[in-house]
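Below, each structure is written out as structure tokens.
In what comes next, subunit A is part of two complexes: it sits with subunit B in the first one and with subunit C in the second one.
Let's look at the complex of A and B:
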């Protein structure tokens, strides 16, 4: 008999965990970004994302997308997985958002659809391409950064850039306990599956999901209280202190200068 | 040696549900103590009171002669000194591992206590080596096994080199080898100034980890004595739900007797 709902939920949990493992494997490879100080990666990628956002010329944004792909290849990120996980998904979702712009933006028509009494204008086409290309490029830079940098280093880099310690700690703990809750939910679904016979109806599935969510919420509240006690026990007094072990070398300064130069040049040329 | 903890007539409840009822006990400096009791007897609550995470509703706790009260913890000096000298290892290691990597986890306590960064790095590396977990120092806690998590939790307490170590069910989730290593570790502290208080219901390790035993039942001290005195008192163990009456038959005759699982050296035996 089929327990497709539970089985697909379990598959979802497993996927979430395996994605995190893939990210850790990529960040451990010797590549271009991996060799730079995490702060340089963070600032450099943010500068390039900012350039993409400020840029209005399609050719410059396309060149930036090319640069993102080159950085990904040099950092040993799989282009196939980037295309499947990022470009395709972004194309579908941003494409849907950009779709109306094709028809409602006034301008000279380049294609007329008589059956729908609609016309695609040149300006509308440009606006839609600009939107999709911008999002694709910005998300590619961000994904490459996240894949090449362990989450803990991203957090430390944010802290060393003076993001408040409370925010950094909150992000770190969210990342830490999300996995624990996924594991717990996974075990709850597995134990349910081991005791179930037959197929669930729609309302039963919804009831089960709601109950699982409720139990998880209760568990997470209990756990948050326990974690706070564990923090107090080890000397937490409201002030968060982190160990900052980063050190800048010559190649880090060169990398930072290159990223900032490209970012500024692209923003100026594409204005 | 001085008295590390003097607990006098302490009561505590969780929103009206009593956990400790007029509990009194004294723990001397350098003493290795076991708190024995069934689930819900108040062991974990007592450890949290000793670690000043909870404060009694009534009664008093003194630490080396100084009263432990919420007011004292408003003073930075007292709070930092107490947290350096007393460390608690929680029963569930997951609540204690809230940092992104093992290294950060072990470094958390020393950083909060404002050690210099060089000292933090040196001491953390030493502790990771000592606990045999240096190879997982960059790993996030969700990628550790149950036994590794427990070792990291222990390392995060030991790194502070505390005077008093409070252990809540420390052998749970540890494999037999890990359990033996922990028992060896506690045995090393015999005769030193280090005070170790272990809450457990695992009878087979008590003789190795304690010179003094307090048996807890329904939030109060039911009995106290040496491990030999306590473990040989079958009626007491039955009353405290630490052993159970085991019924079985020999040649068609059914009889019952107290039953517990104890490990003797490398063999496993049933105590009849």
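Let's look at the complex of A and C:
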């Protein structure tokens, strides 16, 4: 590919858009998490992530990973795509980071590789497995939460956790305009690519990328001005009011109690 | 550099959340004061822009590509406080919506990249650019160095956070419980990648964008988003609504000034030299002072000072107004008006300075 940096940027944009689309589809399915109040989902999954981070025992973290997989299945999240997009990526990335720890962590050797004159220590093995397993489990909980909860509901749940209204509004607006700006940047790169013949030199490529970013910045600032005027025209006076129409039902309370109980029990048992 | 969940211990995460939250709180207050009601759309759209720029593949010398954070450009255009908020929001959306970067480590990521990154970038840029022309090459160089140093400062912080984990958090057998490498491994491992690829990507995008803005929109380079501070008249009106509320008690007090006419006796301690000679006033002074009689002669100090200054409205009643009550009212209203006028002068002067700064 002659202009691989443009192609890979465009691929990145497509990946982000498809991620958002998958999340929209999964959150519309009638699954376990989807049927619970968004606040319960958020607090429950955060409690479990916290339990994973607090836990120091491998078997308890493995049990939590099992629980995460069960929640994912019950919430109709595709395990195949979870394995491909989450588990494999993390295994490769964190695994690479953890690999040298096998050899350089001081401790009693459990396996000696004579060909490389290296020894794997028991401590090194434990810390590497602990890191990979912990990251896999925490990210599985987060991914399941993100896939099963539309962004609007995440925001409302954050608001009910007493995050300032300004912050929630900014998160909502940013999310909305991320997609518009991705679309704009996508079109800019595509139109540029369709007009290019031959090869660009290194400095030309860098100039083009920076200028595209510059134009995007200009457009963003202009857009913020337009949005502001539109807000003023609708009566914005600097005060933010958000609708909060959640109602907790019996099963929401049961779900919350279950998540918190499991989280606390895991953190206590794995301390 | 987006630290995922599981690399840092809960206590490290809590400490970094606390630092980040303090910075966000201060930034939010400042930004609201600076941009008034414009703050929310400006920071939100800028955060969306930062998010998209983080996805750009920046071509680097040597044929590779890297991703930039865009923190230097954000700090140059919005100032450090605005940049801190915009980059934090972009990072929060990456974590909460796209799952890039952890939730327990969001405080750490925001502290490293958004808070420290913005301040370092801003300080380096301002130091190198100094008072250079908006269109000068020096500003392009300053932006490149600012981006490079900021990203490396953030990476160094992350490396230190990783490096202290095995020291502080390990089990009885000595196995590290979180990030496994000590400082002497974590710092070089983190820094090699950032001193070369990531730092270079940040330098390229920062310099390139400042160079573009010098031609296309130099106004954005004036710093601290000065382009946005001259909010439209309608916004100013909205912003000053709370100030307007202050006028209500002032008007009320002015309307209440006739009450002073109804007051009997003398205001304790507000006596003039002549009052000491007047028998009627002497009685009033004694009544107001628990029957303690005033000295027979005018105190020497009071006598000396009373001749120093004659107010334009002596005894609250100008000479040309014969009726004392009417004179009193007029004096009160004139006094309030004069004070209001005085209080408006600093505001008008500061607005004039602001306009002058925007023109240059």
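By our rule, the second predicted complex is superposed on the first by the 252 of 271 C-alpha atoms of A that agree within 3 Å, B and C clash if a C-alpha of one lies under 4 Å from a C-alpha of the other, contacts with A are read in each partner's own complex, and residues count from 1 in each chain.
Keep in mind that, in the parts below, a contact is a pair of C-beta atoms (placed from the backbone, for glycine too) under 8 Å apart; a residue touches a chain by one contact, two chains touch by 3 or more.
These numbers were taken from a predicted model, which means no experiment stands behind them.
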item: Touched partner set for A:143, first subunit B, second subunit C, both or neither; value: second
item: Partner chain in contact with A:151 - subunit B first, subunit C second, else both or neither; value: both
item: Contacts of A:173 with subunit B and subunit C, given as first, second, both or neither; value: both
item: Subunit B versus subunit C as contact partner of A:241, first or second or both or neither; value: first
item: First (subunit B), second (subunit C), both or neither touched by A:250; value: neither
item: Subunit B or subunit C, by number of subunit A residues touched; value: C
item: Which superposed partner A:52 touches (first subunit B, second subunit C, both, neither); value: second
item: Which superposed partner A:96 touches (first subunit B, second subunit C, both, neither); value: neither
item: First, second, both or neither for A:229, with subunit B first and subunit C second; value: both
item: Where subunit A meets both subunit C and subunit B, residue numbers; value: 151, 173, 175-177, 180, 223, 227, 229, 231-232, 236-237
item: Complex interface listing, subunit B residues touching subunit A; value: 48, 51, 53, 76, 79-80, 83-84, 87-88, 90, 92, 94-101, 104, 107-109, 111-114, 117, 120-121, 138, 140-143, 156-157, 160
item: Sites on subunit C touched by subunit A in the complex; value: 4-7, 9-10, 13, 24, 28, 32, 36-49, 51-53, 55-61, 63, 65, 70, 73, 77, 85, 89-90, 92-93, 95-99, 102-104, 166, 171, 173-181, 185, 204-205, 207-209, 211-213, 216-217, 220, 227-228, 232, 234-235, 238-239, 241
item: Residues of subunit A that touch subunit C when the two form their complex; value: 4-6, 8-9, 12-13, 16, 19-20, 23, 46, 49-50, 52-54, 56, 86, 90, 94, 98, 100-101, 104-107, 122-124, 126-128, 130-131, 134-135, 137-139, 142-143, 146, 151, 154, 164, 166-167, 169-171, 173-178, 180-182, 185, 202, 205-207, 209-218, 220-221, 223-225, 227-229, 231-232, 236-238, 240
item: Sites on subunit A touched by subunit B in the complex; value: 21, 150-152, 155, 172-173, 175-177, 179-180, 183, 223, 226-227, 229-237, 241-243, 245
